[in-house]
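Each of the next two complexes has subunit A plus one more chain, namely subunit B in the first and subunit C in the second.
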Partner chain A sequence: MISPAKGLTHLMNILVCLKQILDPELPSRDFRIDAAGRDADRNTAGLVMNIFCANALETALQFREKHGGKITVITFGVPSAEEILRKALALRVDSAVLIRSDLSQRPNPWCIARVLAAAIRKLGDFDLVLTGRESGDWGDGQTGALLAEELGRPCVSLADELKADTVNTALVRIRRQTDQGWEALEASTPLVITVTNNEHNVPRIAKTRDVMQAFRQPLTTWSLAELGVDAQSISEDLACTEVVELAIPIKQTHCEWVTGETLDDRISLLAKRIATVVQSA
Partner chain B sequence: MWLAPAAQVENKVIAFRLLPTFYKGSSLTSVVVSCIFGWTGIDRAALGVLGAGQRLSRDLAYKHVGLIVGPASDALIAEATKFSDSIAVADHPLLDSYHSETTLTALTEVCKQLNPKAVLLGNDTYCQELVPRLAHRLGGSAAGDALKLSGRNETVLVTRSVYGGKAQATIKLSRAPAILWVRARAQEPAQQQALTTDLTRLTLTLEPNTKIKLVDRQTEMQGTARLEDARVIVSGGRGLGGSEPFTQLRALAEIMGGQMAASRAACDAGWVPAEWQVGQTGKKVSPQLYLAIAISGASQHIMGIADAKTIAAINLDPDAPIFQHCQFGLVEDYRQVVGPLREKLIELLA
Partner chain C sequence: MNGEHATREVFWNVSQVWVMYVLLIPTMLVAGYGIYRRFRTWRRGRPEQRFDQPWVRIQFLFRHAVVQQATWQKRFAGFFHALIFWGMVNLTVATTVVLVHHDFGLPIMQGQFYLWFQSLTVDIFGALTILGLSLAAVRRWTSPSMPLVHSWEASMILILLLTILFSGFLLEGWRIAATNDPWGMWSPFGYVIAMASLSWMSIPAMQWTHAVTWWFHMGLVFGFLAWAPYTKLLHPLTAVLNLYTAPLSPIGGSLHAIDFDKNESLGVNALSSFTWKDLLDLDACTECGRCTAVCPANAVGKLLSPRDLILDLRHLSRTQDDFSKPIIDATPALSPEALWACTTCGACVESCPVSIAQMPKIVDMRRHLAMEEAVLPDTMEKAIGSLEARGHPYAGTQFSRLDWMKGLEVPQRADIQECDVLLWVGCGGALVERNQRVTRAMAQLLDKAGVNYAVLGREERCTGDPARRMGNEFLFQKLAGENIATLQRYQVKTVVTACPHCFNTLRNEYPELGGNFEVLHHSQFLERLVSEGKLSPKAQSEAKVTFHDPCYLGRQNNIFDAPRQLVQISVRPASVEMEKSREKSFCCGGGGGMSFVDEPANQRVNQERARQVLETGADVVAVGCPFCMTMLEDGVNAVRSSDPSTRPTKVLDVAELLWDSVRDQSTTF
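And now, the complex of A and B:
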């Protein structure tokens, strides 16, 4: 908990939702599909915190530095997901919650949003709930928006800057990206925000001392049963989307190398090739 | 719901029938709705959405409704009548421009009246944020970035890239309505069909949303054309090492009448605006020529240029994955190439 900046009386209570995914930096040639043919083979690369979750966490940390407040992180996942919570603890978030998934299949955003909403109701009131814009694995980009609906709160998507209002403590100022540029918004809390990357929310790196300490910090762990989520609703959520096929696309482009004796020759040839394409455009 | 006044449509007065049965939510005729927004009009993206809607409705043997949300001029309505079996208009003073919560409320109300089995939207950021929330409010299911759509046995199947473009998944949306945003410009544009005479104006009860207030809206477009519609694109990556080299790339782009783009790494570094980003979480472009300079070609970047006609690259590293997607490429330090290349192109394109 960090005390409020001068003039602010209300401390924002912030929740950041984190997801662990297969490292998206894995080169295409090493990517494999698992035996069941419905998901990636998880043994081909390490597991990491989804980059946009890291951007959301960084946004929350900067907000707390400036305006005070409290940050809780949460993930719904298999036991290995504890790693990303420890990472967040090493960045000095205030508390961390792991909801253990005992489902036999990969949860879709509908199921995840339902579970996160149940956890939020149990944890108490948050002024701000932050998620990443989308996951680097299935790239659904739905969980934040669905969570807003589950909670009955407004939602701002693609935020890349978050500030408190200096006068009205229930307001936040958000800059968000659009296709054509950006929008500046004034939004009342409670609110769900999905965060995208920009030059200002590049994730920081934890101090070694904090990394060590993070392993000793307490972690709240809940099962789905402890959360009291309705099993029937969960199975309905899971059934609403079904992967019927997963395939690795084959591509057969042949790159013609631009060659020549001298650099000047090569540039001349490149220019000719480019000019031909441009003139036919 | 009330009937539209007899509007002038292409100088022809169209007589409107009384509420057609399918608007009453009866299951007699199921509908697929393609959503067009008054503030965008019918551009290439909207034609892609309408095209996907035409094909999906044919697949499922449903009726195709073109829905105009927001300001609907007579000209826009006239244009839209060419591409669907019927037109519905949802206009309201509060829909003069986009507001997330208000537009969502309006769409929800409209869909409850039209009772569609599927609703298709485009892939701009506004559409993307509406889709999951609309699906939730209608008790349906959702998917985004649909490359291909098909309908079978009353259900919608969606093909989309996953794992940053390393795989493609086909997903069945079992819970109706299926709400989708499609990669609009990658869809075959809609075909003209017999002019629609069914036009329904839907009434909406909307209240101003005070929770989210728009304070400022800025466009940072490079010119009048969208990057998505550019014929030639010169794109720079992390290998450029800073913002200054982008001015050289711009000079190169200008002589080809092209626009500028960048990899996420270059945008993240703050060298160029985020609007320039091409890829999974950036723009999906389809130029005749995409010239990638000092970009490695990560799968997430390639996702944005899959529809480019010709891809060419300049990169120091012959093993850079970008070359696997190129028609031609030069292995060289860009610093040796960009200046002289521009000189030569000036001559060739003169």
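And now, the complex of A and C:
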């Protein structure tokens, strides 16, 4: 917990949702799909914190440095997901919560949002809930918005800058990336924000002393039953999407020589050939 | 005349000699305090064991303090330093003789000994000392490009010593003349002065000037003695101490491990975090500038200067009382920019005549930046992040650790029962396309020689060398621990590797963490296979080859000949040497994590080395290190792209050269 900056009386209570994913830097030759053709096979890949989640965490850390506050991180995943919570603890977040998934199936965004919402209700009130804009594995980009829906809170997506308002402590100023440029927003808390990357929220690295410390810190672990999430609604969530088939695109290159007597011949033949290819595509 | 009774009167023509003895007391007190003050400073450092193996230490001290090996590496400076050093030794012995003869009442200063030593030898050495001092003065005052600190102190020392010696000769000359010394000819330089003086001075005039000059001379000597411990002339004392307590390990093994359980400070950002030996190092510096002159980072115009770093630390240790104050960034030479420019090549350590460990101090301060502050140059941060997540520093590589072996039958340790030799591929050898070719050559050579070998494949992790040298000791120990466990699980005894960084870490740094293996560089192992007749190369290539010594193989582990022999076995013409080779080899620029850094375009160490390679006119520069390989290839390409007329020199690993001479078809480069 960091005390508020001068003039601020309210400490923001911030929650950052994190997700552990397969290392996206896995060499493409090592990338495999499981036998059923529905999911990525872990194979030799390492597991890392999703990069946009790391951007969200960095944004929260910078916010806390400037304006004070408290940061909790949470993840819903298999036991190994504890690693990313330890990473966050090494960056000196205040507390960490692991919700163990005992589902036999990969949870989809609806399901994740429902579980996170249940945990958030149990944890108490947060002024800000931050998520990454999407995950680097499936890239649905849904969880943040669905979570806001579940919680009945407004949501600002694709934020890349977050500041407190120095006068009204219930207000935050957000810069949001759009196709045309940036939007500057003012929003009142409580609020869900999905964070995208920019050059200012590149994740920092942890100090070694904090890394060592992080392994000794307590961690809250809950099962789905402890959260009181009922199995019926989970299975409804899971049923609403289905991966029909997952395949690695086959890259093919095809080489064709355009021949002709003169250079002009070759140029016009080439132009015709390009035109047919473009038309048929 | 029979020399049996030859001697001279001590304190001839001097009255009130007791005044001299009285003055000796404050002189000794002032000098003693000067020395004590330094001693007190060293005691403020952390403990460190440096008094083990006395016999080895004495031999080391002899080589460096008496023979002065390192000093001679600069011919001119080595020459005049030897003149001054031996002159001073002689004069000290002569003074001791007088002391024993006169004050202890042991009449040794007489007869043949008096003539041959006390007169002739001392006279000649006195003159040689003047010669040495004059040469030093000429160098200091005339050459502007000198790596020296142009301080008034150094100049004062030269003037003072010259005055003392000249006045000594005058005193001798006047005494010989005035006493009509029958043995005067035994002091040839004094005798010349005597003859010259006789031609224009009367005897009483000589007696008078002698008396005055004697007190002047004495005053200067005492003043000098009292002042010396406050100047760089403390170094005869500190150098001897420093050499005796020098690290006995090769340079490659000179970083000390941090005990994380003890929770000591992680790295150094205060004088109090240094060991007493580090603090002694600072006082031992003679300001000679050899280290900065050989520093590759300094040579390409970067801020790093190991000499200034040592001198600035010394200045802090002498001027600030509070040893817990931050030292990083206290001066430009101690700035992060300077610290992050170091390639950890070890040239500074190797060049230092008094065995100062500059590079380990740089790594100590990097440790603070990397672990306590967690601020590193961005690209190094990426490499560290990749090491943490994936066990290799090549963020974004599209290769796995198995890709290099495509099409070859390479046994993996997990799949076989046992093997004699473990081929340690290393991250560079596995994940960098150019170096994969070297690894393939190596595997094929081992196959051809019938060696029962295996690789760890996916179970291999980075040895931790880059992490350690970028300052992340914690990550280094984690990676090392994992590797040691794997190697021990497979009961590995012998490891062969084509990477000198892996080699150094496995050989010099793993034992401290419990991993003891026989570790060989591939050049050593291949040379052994050839000499055992298991490989029969036919040198057909006519390529002119020059060998570039990798810092971590050559200078840091003293392996110079094995790779050269491999080159000689593999090609027909005799190889050529670069001007900077063997111990004096110039770094490729890739050590210490620097190969992960984008250097400013006009400050690239690899291009400087590439120019040195191209100067030899060689067709091939042979290397024995994956970092050297890529750094030099890039360097040669860069130099050639700005000057296309330069020779298209190829960079090849010694294993590639050997493989070309072993496999059947002949190749042209």
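Convention: the second predicted complex is superposed on the first by the 253 of 281 C-alpha atoms of A that agree within 3 Å, B and C clash if a C-alpha of one lies under 4 Å from a C-alpha of the other, contacts with A are read in each partner's own complex, and residues count from 1 in each chain.
Throughout what follows, contacts are C-beta pairs under 8 Å (C-beta built on N, C-alpha and C of every residue); 3 or more make two chains touch, one makes a residue touch a chain.
Values in this document were obtained by computation on a predicted structure and should not be read as measured data.
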Which superposed partner A:23 touches (first subunit B, second subunit C, both, neither): second
Partner chain(s) touched by A:48 [first = subunit B, second = subunit C, both, neither]: second
Which superposed partner A:225 touches (first subunit B, second subunit C, both, neither): neither
Residues of subunit A touched, compared between subunit B and subunit C (which is higher): B
Subunit B versus subunit C as contact partner of A:209, first or second or both or neither: second
Shared contact residues on subunit A - subunit B and subunit C: 25, 27-28
Subunit C residues within the subunit A interface of the complex: 260, 266, 370-374, 376, 381, 384-386, 389-390, 395-400, 403, 458, 472-474
Residues of subunit B touching subunit A in the complex: 100-101, 124-126, 128-129, 131-133, 136-137, 140-145, 157, 160-175, 209-221, 226, 231-232, 256-258, 264, 267-270, 273-275, 280-281, 283, 287-289, 291, 298-300, 309-312, 314, 321, 323-332, 336-337, 340-341, 344-345, 348-349
Partner subunit C, residues of subunit A touching it in the complex: 23, 25, 27-30, 44, 46, 48, 204-209, 211-212
Partner subunit B, residues of subunit A touching it in the complex: 22, 24-28, 31, 33, 40, 109-110, 133-134, 136-142, 145-146, 148-150, 154-158, 160, 173, 177-188, 191, 194, 196-199, 202, 236, 239-249, 251, 253-258, 263-264, 266-268, 270-275, 277-281
